[in-house]
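This is the structure I have questions about; it appears just below.
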Amino acid sequence: MPEIPRAGPLAPAAASQPARASVRWSRIPGVAYTLAALCVVFALTSKGFLNPTNLANIGMQSTILLLLALPMTLIILTEGIDLSMGAVLTVASVVLAATVVKTGSPVLALGAALAIGAAFGFANGALTAWVAIPPFVVTLGTMGIAQGLALILTDAQSIVGMPESVTWWYGGFLAGIPVPLLVAVAAYLAMHALLYHTRFGTYVFALGGNPDALRLAGVRGDFYLVGVYALGGLMTGFAGLLLTARMSAGHPTAAIGLEFEAIAAVALGGTSFEKGNGWLFGTVLGVLTVGVLRNGLNLLGIPSAVQVAAIGVLVIGALWVDSLRTPG
Amino acid sequence: MSELVAGLPKHDWSGEFKAIGYRLLAVAAMCIALALVSDAFLTWNNVLNVLRQAALLFLLASGLTLVILTAGLDLSVGANVALSACLAGTVMKATGSPALGAALGLACGTLIGAVNGLLVTKARIPPFIATYGMLWVVHGVTYWYMAGSTVHGFPANFRALGSGYWLGIPIPVYLMFLFLAIGVLFAQRTTWGQEIYAVGANPVAARLSGVPIHRRLVLVYALSGAMAGLASLIFLARLNAAEGDIGESLTLPAIAAVLIGGTSLFGGIGTVGGTLVGALILTLVLNGMNLLALNPNSQPLVTGVIVILAVYLDMLTRKRTRS
Amino acid sequence: MSISGVRATARTDSDVPLFELRNVSKAFPGVQALEGVSFTIHAGEVDMLLGENGAGKSTLMKILCGAYHADSGEFLHHGRPVTIRSPADARALGIAVIFQEFSLVPYLDIAQNIFLGREPRGRFPGTIDHRQMHAEARRLLDTLGVGEDTHALVHTLGVAQQQLVEIAKALSQHARILVLDEPTSALSEHETERLFAVIRRLQADGVAMVYISHRLPEVFLLGDRITVLRDGKGVATVAVSDTTPDELVTLMVGRRVDMQYTREYSTSPGEIVLEAKNLAAVNGIAGVDLTVRAGEIVGLAGLVGAGRTEVARAIFGADRTTEGEVFVLGQARTGGPDRTVRMRVALIPEGRKQQGLAIVRTVTDNLVLASLKRLFPRGWYSPAAAARTAEGNIRALRIATPSARQEVQYLSGGNQQKVVVGKWLNAEAKVYLFDEPTRGIDVGAKAEVFALIDQLVKDGAGVLMISSELSEVVKVCDRAYVMRGFRIAGELVRAELTEANILRLAMHHA
Amino acid sequence: MKRLLSLSISAAVAAVLSGAARADGETIAVFTKNQTNPFFQAVRLGADSAGKQMNAKVVHYVPTKPDSIPEQMSQIEDVVVTKPNAIVFTPVDYKAMNPGIQKMNAAKIPVVNITDRAEQGQFVTFVGANDYKIGFDTATHLLKAMGGKGGVIILEGVRGSITNADRTRGFNDALKAFPDVKLLASQSANYQRLAALQVMENLMQANREIGGVLAANDAMATGAIEALEAANRKALVIGINGTKEAVDAIKAGKMLATGDYSAFNQGCIGTMAALRQLRGQPVPKEVLFPVMVIDKSNFQPYDIPVDKRQCPKWEDMVKG
């Protein structure tokens, strides 16, 4: 908020303020309660909401968004942003589809998807860290580039004929559990470990919170910044596999605009755009809340127009609650 | 103190005009190139044509420029255009009064903008998220209100606003230059404009200098909304019809135009004039690609490259004026 | 806080200095920050570095820790010549600096901050051994006698605790030379005591400390050897035992202030222009009563962190008041800064770049910002008229700038300060609240700023001046209020206005 | 705020439940592509009307983002959980929805495919129009009106959509029969009004003489008409879908003709087919509506606003 001096808690002025103890619960964003409330309402009002298949559905439907939102959390922790994810996801998906159709090798195809994702991510990071162009601008640009590529590569046609080895990644089961759920859990655990148990993660917080501290500690922050964006690209590329599997096709506009939903989910999860203040599991909650809302409203057959408005109210409402809870 | 002056850079002419100068050169270069490759380009009609297409983009982007000048953002302008246009259109049909319809359209746009401003200032929600949430809400209302129908066929006197000519020049072009003038006057020649720049450059200093920053921010978002409302009227008048999805493709190009126009995301730096040039550059590219019948699929790609290039060159020129 | 603190150190004068700087010079565009300064550091001692703001203390320290490169001069470590080209070099030599702005990451915990960049390796590549890290952090904090939980996120800590984390961080890097840059400037008395206890422990462990301060009581409480800087030159190095406060003050101040700045104090102040009655605010101040009369410069003294800035902000309406009232020219003040400004009150904040100026905007833009309504009552802004006003200010205040269109960020600190003042001259303010008006500006500019303030009161304005520099308050003010613990501890009229009296009120125990 | 939110939701819930109470018959889930295109609104109204006639409950599922594949996929998954008696289905993409269709088939829910013919999957029947023939007939209608000479422009819809592919193919084949007609340009305007307007404006610069415009839907046709009027140029324009807007334009003499895509009837017959299947009545493998070119001579029946129309009798529409 503009009128509050940016200085924040580190400014000498804070000397007068009593130091608040850091209790995890105090950092739980309003969205957690919203999620709980939604679940109760839907459990009471709609048949089949609590039905295991349906719960699995919610998880599976949220997986792709989660795969974008997790690295997006890290990027936003560095006070950055990535507007290109949706488009990169799309281009990765069509490249994967095209490769698998041409070569018949899913491994090669996945490799290609990961490569193009990582390439875009690296470009975003490099232009941000080394050319010092604001990430918003960089990724707005690469968004257009990726979108154009997807359309040119496919001439706006969908590419079909995915082998079982690809579709398995969305439709298949492992030990009786839908693969996407396993992917989602694995992805979260991996990102959690990365963020909270490695140098990389520590430096992500530092990049957003106090880059000078990093420099004084003799750490090359720029490399890690590029790394964060590259990681985002890589995860996006992998999400391309699930997207392709889900449609058993590559489609040139399938995921346009998904990055905005990812950013919204991250914000819902209580991660702020400043000072590297965020919480990875909050992002999971944010993604699930949107998923549960859509699913529940579908089960109830609520008109689509109401759904659209409801999502907006959710985003604004949850953040409003959070801002009420944080002293001005 | 004289030795203090030594070593300070001589700041010959204010960076903004310089920045616009560079961009105008770019525009000129593009025009020459297009004229060489397509004989259809340098025809009077096509020039008007480019200007008319730039008009809609500029009207939308001009309001957005003020928002970005305060280090804010408004992702809801596209949705805003859709709702305002549909409301204005249906009311016009129902009452047969263009004036009433237009008034409601403008009012609707302004209201949405004002709410954005309140969410950003009073509810302290980051502009990105607040206006993104607003985008969904407004879309929802539009879909519900229109229920998939199209409103079309408006009185000729109203449609002249979009498709009419005066002295052989399309009305929207006049509107574009009118609001360019108004925008420049507001930003450069009013105390409010000065305060808005100050709020963008340093909100704390602005507040401690007695600038009512909340009121100015709400004003800025409301103006952005109002311009969206106005754009929606031009839209309505040009297409003589409106449905729920017209706004979706407008927001990002508008933001791109502002950035290409040299307005800084960090606030305090930029001009409405620059945004006009930005809008012209974008329109020229699309126009040229159409004239040359290039693959339309590559349009987003080209736009993306231009955005990055423009901002990068901008940084270079600023660095030069600074060191 | 009594001066009879027990010394927990063995003097080691005879030894070779642990570290030595010889004839170090450093120049910035327009300023010779350091000129042939020599300085020695001894193990197990606290070497005091005294000097007013702008005397070159901080520059010297930045050179010592590798943040700046000296233009000339040599460094000796255990008598062996060494070079310091980067922070890494300094660290290698065991030098660590605790700056006033901390190098901590707000949303990492204490342990993570202490070991940032040097995290103990975990089982897998790239991972961190949290158990070991927290254990070591715990140990470090214990050696400092600090109880905080190593899992606490730094942004939840107060400044004092953050400072201790900084010290722990330095120790974890096996620092043998610890540089403390005005460490008590933001601490409460209690916190200060705690810090001193820590310093004595370290001293006992043979850590050498360079302690920058201009607070004499601290100097005598902690110091072994004292080096005084003035205008970038080392004027003297003396043992604490062989000197007196008065001597130090003369060394620090020289006769410069007397020569460059004098004013005749107001004998017959005008009517009350500013009055606070039992003022309390959300920022913590309480029961503040004060008055400022036209033609008066009233000091607001006290240690940093005593609540002086908060009083100014509350008066100005920048922080919401919870109790009491403020009267400006007899009228009650309500609402935020925008209303206050219209009542012709001016606030010149301490953080110029953060709070005083829009640095990416031009000198003109900044000069007219507070007076837009007055200069352009119709709301129509005229660049020409604004430029004329600005040119006027630039001449009157002798602001050194190539043009009125120069962006403020390229001006020197003193000239930036003048721009802020000019902004309020244009607003025709009648009441001025100056917060550390000379902080971080060079000596020449200081005198000009004071001349400026004097001119303001001559023209019938009332001034409330916050300053940490006792000499300034004593020299400049007609009266002074002294703050302690967010309350007014007392008032000193011209006759009683001495550094000793101020300090007594500022540090006196209840 | 949270409370407010949950309140508003439960309120909406209550509303829906009470609304649902009316129908006592089967539940039919109807999938359409988006909430913005009038065509699909007509389909939905047709379905509702049929539902009323045959006393069944019709619930609509529309992606919140127009034509979003992943969203329609999610909606299918959600609907399969609620187990409606039958589904009337328009795929947002005729190729990329197969996994969704498989899910519906796996759940043993009878599915009627309408409008866009899905590539694979088992369906009770397909109800729709022959896009190729519509394209061909309307184009022929225009080319005849042009006297078999002059230059024409084709405004394509969304590249990659089946309707667009078939319609433009129809246009081009029709052109083959008129050697003296020159195809000046064929560009995509994504079925969008503004895009069509601007593409047209640009093409008018490159082409002095434009005799006719073949637009793959009515929105683009009207966009083109606006562009022509603004430039005071004359050209014969045809569109496809038979929307009210196009009919008005035909009445006003601005538009030559539009091919009837009978959206409303697709909704009607699609829903009826689903219900007949459930009620054991015969349903043909495919219901293709006869192609009908609407022009000045025969627009009256189409002049009624869709929300006032009634579903035709099954027997009248489905011969044999």
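Per-chain numbering from 1; labels A, B, C and D assigned in written order.
Just so it is clear, a contact is a pair of C-beta atoms (placed from the backbone, for glycine too) under 8 Å apart; a residue touches a chain by one contact, two chains touch by 3 or more.
All figures in this text were calculated on a predicted structure; none of them were measured in a lab.
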item	value
Farthest chain (mean CA position) relative to chain A	C
Interchain centroid distance [CA atoms averaged], chain A/chain D, Å	35
Whole-Å gap between the CA centroids of chain B and chain C	45
Approximate Å spacing (C-alpha centroids) for the pair chain C, chain D	72
Residues within chain C bordering two or more other chains	354-355
Residue list for chain B, restricted to those that touch at least two other chains	139, 143, 147, 204, 207, 297
Contacts with 2+ other chains: residues of chain D	35, 64, 159, 188
Those chain pairs that satisfy the touch definition	A-B, A-C, A-D, B-C, B-D
Residue ranges of chain C in contact with chain A within the complex	87-88, 91, 100-109, 112-113, 116-119, 122, 126-128, 130, 151-153, 155-162, 185-188, 283-284, 304-305, 307, 309-310, 351, 354-355, 486
Parts of chain A lying in touch with chain C, wherever the complex brings them together	5-10, 12-22, 193, 197-200, 202, 205-206, 208-210, 212-214, 216-219, 275-278
Contact footprint of chain A on chain D as seen in their complex	1-6, 8-10, 12-13, 16-17, 20, 35, 59-65, 67-70, 73-75, 77-79, 81-83, 93, 95-99, 119, 158-160, 188
Chain A to chain B touching residues, read off their complex	1-3, 5-6, 127, 131-134, 136-138, 140-149, 151-152, 155-156, 260, 263-264, 267, 272-273, 303-316, 319-320, 323, 328
Complex contact set, residues of chain B against chain D	38, 40-41, 43, 45-46, 49, 52-53, 139, 143, 146-150, 152-153, 163, 170, 235, 238-241, 243-246, 248-249, 286-287, 290-291, 293, 296-297
